[in-house]
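Shared between the two complexes below is subunit A, which has subunit B as its partner in the first and subunit C in the second.
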Partner chain A sequence: MKKVLLVTAVAAMCSHSVLAEVNISGFASVMGGKLTSGTGVPEFGLGPTFLANYPIVGVYEDEWTFKPDSKFGLQMTADLTEGLTATVQLVGRGADDFEAGFEWAYLSYELNEHWTIQAGKKRLPLYYYSDFFDVSYAYLWVRPAADNYTWQIFNYTGVNAQFNYQLGEWAMSGNIYTGREDDGENKLLSEFFGSQPVREIWKDIVGGVLSFNREWLDVRLTYMTYLNERYRNGVQVTWDGKDNRRGKFAGLSANIDYNNWLLLSEVNRLTLDGGDFDTYLISAGYRIGQWTPYLSYADFDSEGEKHNTASLGVRWDFHSSAAFKFQFDDVTDDGINGGQVAGDSKAITLGIDLVF
Partner chain B sequence: MNWFKVITLTTALTATAAMAEVAVIVHPSNAATIDQAEIARLFTGRGTSFNNGSKATPLNLAESAPARAEFDSKVLSKSSSQMKAYWSKLVFTGKGTPPKELNSDAEMKAAVAADATAIGYIDAAAVDDTVKVLAKF
Partner chain C sequence: MKKTWLATMAALAVASATAQAEVNINGFASIKAGKAGSGDSLYGYTDEIDFKNESLFAVQFQSDLGEKLSVTAQLMARGNNDFDAEFEWAFLTYQLDDAWRLNAGRLRTPFYKYSDFRDVGYAYDWLRTPQSVYDLGFDTIEGVSLYHSGSIQNMQSNVQLVFGAYDGEVTLQGTKAPAQINNILGASWELSQEWLSVRVAYLVGKVTVEAPVFNPLFGALNGAGLNSIVKAIDFDEDDGSFFGLGMNYDRNDWLFVAEYTHVKVKDTFYANQDSYYLSLGRRFDSLTPYISYEKDEDEAKPEIYAGLPANFPLLLPIATVVMSQEYENTAWNLGLRYDFHPAAAFKVELTSSKNNMTNQKDSLVALGVDLVF
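Right, the complex of A and B next:
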């Protein structure tokens, strides 16, 4: 995973050159899939569709496609010594035609053995898998269930403080963060849930994550609040006459990895405009040597939008840096009053995840 | 479920056949004591010091070194794939950096002998008096 290069970086502000150690690492997924059946949503004119990834609009249809879940990422970390590092992560996703962009770019400073301060652009650590969503090698499935990971904003620019403490047998870690995200043309809202360009702003973001680990148990708490503003076609959207609205997100996750059994779960609630958007995910797997067959069930429930996905799959760690995965997903869309998303669908996906 | 037992048994036998003792080593001047849970904390990035408060720098063997798989399985109770997935999550979220890797028992011994904060491991048969053994697994 670690390739060390010695590069000479000439600092523009200094008259002398400095030697920085740069670590290069990366991840990639090549995944193909197709629908085996689907209803689509006739009233929206939408054909059979499996919406595998909401924020980037990763969709599988009747024909084989490699776009929705395939991606590559390259991370470079320059160690500027004395606890200071600079990291950039370039990610190209099939759903965006592999146009690579800087997904992460931040400076990190280690204050002491317990605290590290980071500033720049990072992933929002909302759900359990949010901040390593693209690094599919690091989790069991082809992707974290779409029914949970539905939110249109997944990055922020701001400041993050993370910590690490040992409390007896428990390792406690977490972070607190603040920042904002202004997405000029939000893909999910502009292309999938509408046909006009939507600028989506999440500002005054304040959140925190607290995790407790002990041998085979991992418990994580997450909370975040933000102020939402939105422009459709350049015109500000109002909600009950107000030009902004506050969202509050809270979640709890518990994961167990015991005697080759894996039990993964999370439950989350977003309160927005007085409405509750509830999500949960439960998954079980059993490791048999290099093979891990698994089952999962994920659910989204709000006033109008209601859907769930039951999945069955297997992960095969056939190589020390790569895993083959095969997954079958069965989506039920019970949306009412126009709350349907993509209709019912069944789909298969298979391919390889790797890290280097 | 017979096929299931066969697979489990085969895996267990294959693993046992390759087993050799792993020695966890430090610099000869290091007076700390350590148990398995503390070693696991250091090698998973959850701890940074010995129980006497002095700084600890964990050093890992590369995957090509035979003692690496032994250490992962006996001390960390994980496969090397699981450890790679674990570190991937931390590396790509900016939460941690895996221990530096050395290619062989000889390189590990030399690195540990040269650094008073180092903690590493080698095949127990390769131990000599340039390093101090804290534990064997």
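Right, the complex of A and C next:
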């Protein structure tokens, strides 16, 4: 026994990579942008601001900045053979000053051709674009609509089971997951919606995703439930005298890719504290050779917080694994009773997304 | 079945092992230890031996995507940041043609001659770049940079134009303060031939620095109707400029390097800063001893409060703040580089630094290994 331990320790120290081959791939986005106009929210002392990314607080202001949507990711996958792989994804985002952190860190074990079990840290697959939110090359726009992708928690650590089956003409795939996330100092809640450190806990997360794909049609259903606990400045937050509250998230998306037309849509509802937070996005694009001009509209609606973004843009696939994008966003913030987020704004963003 | 664009993209994004382009990995490391003289402190060292202050590890990933496009990411862990990793470089390169190249992302700001490889200690002889000059407290910007390389007569010419913004910390009177420098615009030009190179750089930007420590004073000044004094002190989108001049002579095993910089920020209490260094070295096979002299001269702006009456109650605090920028420091460095390995060098350097305002002298010895892989 002692000898085994010793051997393991020696192997760990020598980093003998005789066991697995490691593949490295990655992605990058370099985006610059600025406001063309904005109201800010005078009552919060907030100047003109376009909040392009809620969870990581990606913010454009009056002057050119290249940080809010720029990011670099390195993905390493070690194939340990016999169905076992280990994957890590190291991401540095401009909004976080390019600090490098593990966005993914999980093991996968392929049970059979239909089922794969995974365990570790992953992205929380709430929305259609959650899994590859950082890989902007993989979607049409500069970013998935900020009004939809607003939730402060976007990772979890746990286990999940992925499956895929062919049902006649339909390819069916899905994912069932459970886990928790304990974010010691949540950026959105601590820095944007407040000035005190907020520890945000989503526990007892249980969710599932089911996708159907057939030729030009893609339909995805998502559901997740969790228990929320929160500490502000170390003091537990209570809601109606209780120190936790349950949230339920459900969503549907349908995407069509037909004859060079792209029609993308997503509808989601989070029920929390008896209130509903409804989001949807709809987008259309038309591919003309390397160029895909697009329009999109996204909306967030709750009791106090109400905002929407109309966007107009173009994607230019100038390279086999890189795209140039230009986008104009027009945000309307109709928040009432202190429910405003960042006020109205108009902004332009342009830059390059790529994968390698 | 024909795969749609949508399906292809989604598969591409979630499939982890779709390595399409080859990724090259290399890196560099420095392990250094230092100790200041008894009771002294210099460059982050105290009189207790420290191994973290100037040690660092970096791994650089570079991938050529073909069709003139490549991507570079440098992951850096610095001892003085507890070896927390961050992307120090993260940019795309588009080779427009043989002469022109465009970089976009997080880039090195082309302030100094050694800006690009300041962290790659192996690339120069000193143990560290001369701190009187290399002292702005930040090295990177996010933005775009256009490079031109060509030749003039029989000289190599490299021009770099840069546009971007910096959002982070700057060093103000030796302490770090949150800052934003917007609309940074700059150019550098280097001309070189076999044994001589000269370089000039000029950058401008709008500087904003948060210094809440001044808020009570500013409040009192505003209350007294002296917002003009506040404006003359604070950093609020004020015009900053950087001018740098450098040269390098390397002939018959003699090495001479010199750089001069001038930094100012208009309408702030930031002193006009002149800094320079001169360095002379001699190569004896694998041994390179060197000696260098550096000077930092910061001229405060007493004209800010010159118009105030002598009995004005806030005169003393204003004068204290403004004149705290007055600074003059000189330093001598004596060092040795020993190339004991084809990709690694051992270095030792002695520094004696003198603050001419206070006559405080600080000495430092540091040694260590710089390597590349």
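As a convention for this text, the second predicted complex is superposed on the first by the 337 of 356 C-alpha atoms of A that agree within 3 Å, B and C clash if a C-alpha of one lies under 4 Å from a C-alpha of the other, contacts with A are read in each partner's own complex, and residues count from 1 in each chain.
Here is the rule we go by: contacts are C-beta pairs under 8 Å (C-beta built on N, C-alpha and C of every residue); 3 or more make two chains touch, one makes a residue touch a chain.
Since the model is a prediction, treat every value here as computed from it, not as a measurement.
With both structures placed on the common chain, the touch criterion links A:Ile288 to subunit B but leaves subunit C unconnected.
Contacts of A:Ala323 after superposition on the shared chain: subunit B is touched, whereas subunit C is not.
Counting residues of subunit A touched by each partner, subunit B versus subunit C, the larger count belongs to C.
By the touch criterion stated above, A:Glu99 is placed in contact with subunit C alone, subunit B being left untouched.
When the two structures are aligned on the shared chain, A:Thr39 is found in touch with neither subunit B nor subunit C. Using the contact criterion defined above for the overlaid structures, shared-chain residue A:Lys122 touches subunit B, although it does not reach subunit C.
When the shared chain is aligned, subunit B comes close enough to touch A:Asn164, but subunit C does not. In the overlay built on the shared chain, the residue A:Ser25 is in contact with subunit B and with subunit C. Shared-chain residue A:Ala138: touches subunit B and subunit C both.
Looking at the shared chain after the overlay, A:Leu90 reaches subunit C, while subunit B stays out of its contact range. Shared contact residues on subunit A (touching subunit B in one structure, subunit C in the other): 23, 25, 75, 77, 87, 89, 131-132, 135, 137-139, 213, 320-321, 355. Considering their complex, residues 1-2, 23, 25, 27, 73, 75, 77, 87, 89, 104, 106, 108, 113, 118, 122-123, 125, 131-132, 134-135, 137-139, 162, 164, 166, 169, 171, 173, 213, 288-290, 317, 320-321, 323, 355 of subunit A touch subunit B.
Taken in their complex, subunit B has these residues touching subunit A: 4, 7-8, 10-11, 37, 41, 46-49, 63, 79-81, 84-89, 91-95, 97-98, 101.
Across the complex, subunit A meets subunit C through its residues 23-26, 28, 30, 32, 63-67, 70, 72, 74-75, 77, 79, 85, 87, 89-90, 92, 94, 97-100, 131-132, 135, 137-139, 213, 215-216, 218, 255, 257, 262, 287, 319-322, 351-352, 354-356.
On the subunit C side of its complex with subunit A, the touching residues are 1-2, 4-7, 9-10, 12-14, 16-21, 23, 25, 61, 63, 65-67, 69, 71, 73, 75, 84-88, 90-92, 104-106, 142-144, 163-165, 167-168, 182-183, 206.
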